[in-house]
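These are the structures, in structure tokens.
In the two complexes below, subunit A is the common chain; its partner is subunit B in one and subunit C in the other.
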Partner chain A sequence: MIRSTKKKTKKTGRRHPMATVALVAIGLIVTGAAYAGFSNSSAIAEVDLQAQSTIDEGQKLFASNCATCHGIQADGTDEGPSLIGVGAASTHFQVGTGRMPLAFQGPQGMVKPKQFTEEQTLQLAAYVASLAPGPGIPEAQYLDGDGDVANGGELFRVNCAMCHNVAGAGGALTEGKWAPKLSGVASVHIYEAMATGPQNMPVFNNANISSDEKRDIISYLKYLENSTSVGGFKLGSLGPVAEGLFIWIIGLGAVVALTVWVTAKSN
Partner chain B sequence: MSNATATPTVTESEHGVRFTRAAANYLDDRTKISVAVKEFGRKIFPDHWSFLLGEVALYSFVVILLSGTFLTLFFQASMTEVEYSGSFVPLKGIEMSAAMASTLDISFDIRGGLLMRQVHHWAALLFVASIGLHMLRIFFTGAFRKPRELNWVIGFVLFVLAMAEGFTGYSLPDDLLSGNGLRIIDGIIKGIPIVGTWISFLLFGGEFPGNDIVGRLYSMHIMLLPALVIVFIALHLVFVVVHKHTQFPGAGRTNNNVVGFPVLPVYAAKAGGFFFVVFGVIVLIASLFSINPVWNYGPYDPSPVSAGTQPDWYIGFADGALRLVPPGWETEWFGFTWSWNILVPIGVILIFLVMVVLYPFIEGWVTGDKREHHILDRPRNAPTRTAIGAAGVTFYAAMWAGASSDIVATHFQMSMEGVIHSLQFALIVGPFIAYALTKRICLGLQKKDKSIALHGYESGRIVRLPGGEYVEVHKQVTDYERWVLVNYNEYKPLMVRPNDEGKITGGQRFRGVLSRWFFEDRVSPATQSELDSESHH
Partner chain C sequence: MAQDAKNGSSDAVVAAPSAGDVNTGLSAGTAVIPADSFANPGHPPHRARVTDTDPKKEKRAVRTVYTLFYISIVGSIGAIAAYVAFPIESGDDVAIRLSTLFIGVGMALSLFGIGLAAIHWGKALMSDKEGVDERHPVRGDDETRLAAQEIFKQANEESGFGRRALVRNTLIGALIAFPLPGVVLLRGLAPQDQDPVALLKHTMWDKGVRLTRDPSGTPIKASDVTLGSVFHVIPEGLNDMEHKLDEKAKAIVLLMRLKPEDLIEDADRKDWSYNGIVAYSKVCTHVGCPVALYEQQTHHLLCPCHQSQFDVTKHCEVIFGPAKRPLPQLPITVDSEGYLVAQSDFTEPVGPSFWERVS
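Now for the complex of A and B:
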């Protein structure tokens, strides 16, 4: 008897109409929050890039953080190039990935923890964009990762793999430069990298790769990043070098240890 | 009671015995198998871990055969264009060869297919690696000396065949990575002056990549090469049985005996078990670690080349040799381009390989030693050989590292040029440094051995004598231990002697020079009289 009542209460508890509602509500809140966070980090926050106040804020930030290298008019010094005409996209990419402000002169600007909030970054971008027209920050519709993955893969192999490796694992260039690995890069930065061609990377403007194709490439890269590796651990996606090292050190190492074990047992 | 129960059991077992006996006789009368079993089963196999490395190679080969057979059931060696429609989304609808499409099907749509692919590929890597390590063991212990020179050659052929097997297999999926590998081969062939282009057209059935190469490589990969490997393995093993196994020096071990376990039952049981151990290791690796994810690389297309394109490790040394050539080695003569940037590294590699295969004969000639050797050298007791080996390993390693120069550069944040230049240095100067160092180390170890044999080793116990003097007590080694320390061949440089006609030929003189180089620096083993006089005080 006692058991059956217990069961009953449990059942009613679960069936309670409010439970479903609550569940749906929780689900909505969670996805909504996640979506908001996601779109916030990857695309345009509520900053009006055209507004004069934004540009003024950006100019202030620029004067105190960037002018030493890029000049107070952003027209370049010996320490850094002119930013006139590089556009909002370039600034948003360079500052958003933490490359700017440059830490030290090396073969290539390093990615480091970013120093500015998304809002400040956009203000900087607005300021640079106000100097002369240039590639703008991409619209959210190209960044959703729902493009044609197969086409994106094809485009990536043809246009990007020679520097970034087919699996986006990165690769070496000459004179100490390198093409970085692409996992973990925000969609908006991938787009901006293509549109502005930072440093040794070529510019892929819309005549080369249209916005929709850029969307496909981003979708492909996001697919690579989010799909689990079917074959097991990826060994850094470095291909045969990693596999060769692995078989010599771990594979042969294990086998040699076992030969020692097999022969030691007899003595 | 007890009688009653015992009787039927006896008859039963007698029955069984009679049956097995009859069956055994039947078989034996017709096959003479007992002779073989007796002969082979009584073979003695000495116990040392390094003697199992060849077995590792053999067992990986068996694993390769098994998994490879599975793959042939589903793989299509055809370069016909098809539109991929399997279950891997990012390639859906992409045009690719049937070879690539069937590889993807094996990976994604055939039960157990991916595991089999990975088992096959990992086993192949292990196969060549264990052959390599096995060869190093043979080299550094002098196991290639008479009467085993030919078996060294056979082993070397197996190594080359294994590399060929690996390369042809690596090229079969017709993915971007392997296509780039074939492109390099195509470039090398085209680099041969005058005939190169013709050979390339012949091989690929027209302009690279053509429509034939995968089918052709496939016939080599699953018929010709495996058949050759099996033949050479059989020969290799026959020689091992005929020559008996070598053994490390030790008390009671001579050139005329083998100390160890008989093949039956102990050794056979162990070896059988060990097969499953190797098999297990391979399957474990294959089930945990991805290898050659061709779906990431995509179908072959001559235009894209990926960063970080490398061959499998065993071809790496050749790829590295090409990468280490300084730019601009090319001349134009008689209207032909002579691509020294290809011919020189290929030439260097061929010379290197020829030296490896001929080494037993070279050393035999230099030492003039015509005796049979069944006792292995401890590497330190053949300092020059060990040093040559170390130099060779360094040379190979520099080429090998060359193949991963770009990955070294990105991962250690160095410039590509810096890596290449250091490797070029390592390639040319490294072997000399390795040679000198190794030789010094060997001679030092020999000296230490000698002093231990004569004076024992330092026990760390300091004793004050009645006179006030302090001495450290030396502990004598046992006779067994001493045997190992003092029993090794000592060679002296050959005297250059005039031949029958009273002349000293150039060849003889050269041999004398080499022999002096080999044996000038040496530490002779402690002699009996030295040992005797030492033991008196």
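Now for the complex of A and C:
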């Protein structure tokens, strides 16, 4: 072995090897923070859903963004279902989570960056709600997450866990569809999903699961989201598949590597 | 030499074509007499390790080994320290996690340290000379065998095992009888005075039993079940049963409402649904998992265990997966107060097949 002694020349300031990395990092952080500031500013909006002006604004938005598939009268076409009677809750959920407008026709509409501000979303919801009565946007008292967590957990396990996984981690359905994971979903959207049954999810109306029980379920989900895992890594809370994959590949891999090392001749 | 070992057939001898060579005892048909095709290659040449040749490397290996033993000691003490340092009496999730984490890491280090050090010691520092220990033959020599026989014979004479036939036979009989109480007691664990076949064939559902919500047990009005709804259903009175879970396991039902025109119903089962409301057993006919993953647009029911799929519009016939029979349908109707009730029990046993199930 030949040992070469390194020449030590200290580079400082803008000639430092890490200067470019630091510059790029600073640029990204500033841009990101500025963007977050801008996009948050319009999140809270007070909109009167009953006002005729709101409905008119909503109709304009609908005509230019939604009518291609849902029809100019919102009565549905071959490309999309009728929206008469789906209510404000359905519109607020589909548009508010970015599912609508659809990116493409597929097995399932998926969550993507929102295309409308909260104000525009509410205007659209007001228009759709004006067509025919349907489930409305829930009141804040059901969304605070301070309900009975234990009762919410029991209701969740009976009604929701078979698709959404007992820890709300989501799961697969048939023909490319899936039940999405529920962590990070806004309380209002969880409530609206239960009330309206978006896409292939069944409807859980207030006669089945009352508003207070929905509040309990939301409380349970928020509790799950904010509680730490006592047992260490959750591996996505996906259950035996993820755990099996981990132990068979990482665990068994480590055992095989150790065995190879133990039996190999020392050089 | 090495060349010969590689190509075994070079040692083969072509048999003489003359018929019936008595001397070799070979049959006339033998064409080639193969020699032993694989010669023992012996040991590869001994290769010295770097720790044998380079004293610096040897010193480093020594350092590694004792460092690992030190790490093990640190791990053991660390586990004790972690037990003291992270109390779990508060019951706080984070405290429990920290406690288990650091105790576990300490104990893992203590055991791994010993194991790794011992193996590294053996591989890098202990003598490395190859040696041969011949395996002794399994069969003992004749003298030993005769001695063993003698011992057995003597033992037989002294104990009278062969001579006192009654004593021997009663011993064998006692050994056979000894485990019998265990078998009888185990059998007694089965439910008393209950025919398991009858238990499997019937559920709590009966004529007029109301459909109630799981878990609250409140009755369901037909008008509550809006289009696209799903209700998880238990029979009325289940929550008051002594063996609630035994009954629930058989009686769980999924209630769905479809557009009546979407249902494709058999003529004899037309009156089993009510205005598009249908009720099906939630117990999969494959191995009994609860089937409740209902998709309200495709009207598919999916079993999460083995991906069996049932089409709710066609009496839950199997459209995919390992299940062989459709889910049993619960005939329902409404009572005078508008609540959903069962017309009868299921008309076939719910759940997976069992031996005495007809069809």
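Methods note: the second predicted complex is superposed on the first by the 218 of 267 C-alpha atoms of A that agree within 3 Å, B and C clash if a C-alpha of one lies under 4 Å from a C-alpha of the other, contacts with A are read in each partner's own complex, and residues count from 1 in each chain.
One rule holds for everything that comes next: a residue touches a chain if its C-beta (ideal position, glycine included) is under 8 Å from a C-beta of that chain, and two chains touch if they have at least 3 such contacts.
For clarity, every value in this text was computed on a predicted model and none was experimentally measured.
A.B. asks: Quick check on the subunit A-based superposition: subunit B and subunit C, clash or fit?
C.D. replies: Result for subunit B and subunit C: clash.
A.B. asks: Name the contact category of A:I84: first (subunit B only), second (subunit C only), both, or neither.
C.D. replies: It touches nothing on subunit B or subunit C.
A.B. asks: Is A:Y220 contacted by the first partner subunit B, the second partner subunit C, both or neither?
C.D. replies: In the superposition, A:Y220 touches subunit B alone.
A.B. asks: For A:F246, select first, second, both or neither according to whether it touches subunit B, subunit C, the two together, or no partner.
C.D. replies: A:F246 sits against subunit B, while subunit C stays out of touch.
A.B. asks: Is A:M162 touching anything from subunit B or subunit C once the two structures are fitted on A? First, second, both or neither.
C.D. replies: In the superposition, A:M162 touches subunit B and subunit C alike.
A.B. asks: Touch test for A:C69: subunit B only (first), subunit C only (second), both, or neither?
C.D. replies: neither
A.B. asks: By the touch definition at the top of the document, which applies to A:E154: first (subunit B), second (subunit C), both, or neither?
C.D. replies: both
A.B. asks: When the two structures are overlaid on chain A, which partner does A:V260 contact: first (subunit B), second (subunit C), both, or neither?
C.D. replies: The first partner, subunit B, only.
A.B. asks: So, A:G232: does it touch subunit B (first), subunit C (second), both, or neither?
C.D. replies: Both partners.
A.B. asks: Between subunit B and subunit C, point out the one touching more subunit A residues.
C.D. replies: Here the partner covering more residues of subunit A is B.
A.B. asks: Where does A:L173 make contact in the superposed view: on subunit B (first), on subunit C (second), on both, or on neither?
C.D. replies: both
A.B. asks: When the complexes are fitted on the C-alpha atoms of A, one of 2-10, 56-64 or 218-226 in subunit C overlaps subunit B. Which is it?
C.D. replies: Of the candidate stretches of subunit C, subunit B runs into 2-10.
A.B. asks: Take the contacts of subunit A with subunit B and those with subunit C, and give the residues found in both.
C.D. replies: After superposing on chain A, subunit A residues 154, 158, 162-163, 171, 173-175, 177, 179, 229-232, 262, 266-267 contact both subunit B and subunit C.
A.B. asks: Give every residue of subunit B touching subunit A within the complex, in rising order.
C.D. replies: 47-53, 56, 89-94, 107-108, 114, 118, 122, 125-126, 129-130, 133, 176-177, 261, 266, 270, 273-274, 277-278, 281-282, 285, 287-293, 296-298, 301, 303-314, 316, 403-407, 409-410, 413-418
A.B. asks: Mind listing the subunit A positions that touch subunit C in their complex?
C.D. replies: 154-155, 158-159, 162-163, 171, 173-175, 177, 179, 197, 199-205, 207-208, 227-232, 261-262, 265-267
A.B. asks: Which residues, counting only subunit C, touch subunit A once they are in their complex?
C.D. replies: 47, 49-51, 93-94, 96-97, 100-101, 119, 123-124, 128, 213-215, 221, 223-232, 256, 290, 292-298, 300, 302, 304, 309, 320
A.B. asks: What does subunit A use to touch subunit B in their complex?
C.D. replies: Touch residues, subunit A against subunit B: 107, 149-150, 152-154, 157-158, 161-167, 169-179, 220, 223-224, 229-235, 237-241, 243-248, 250-252, 254-256, 258-260, 262-264, 266-267.
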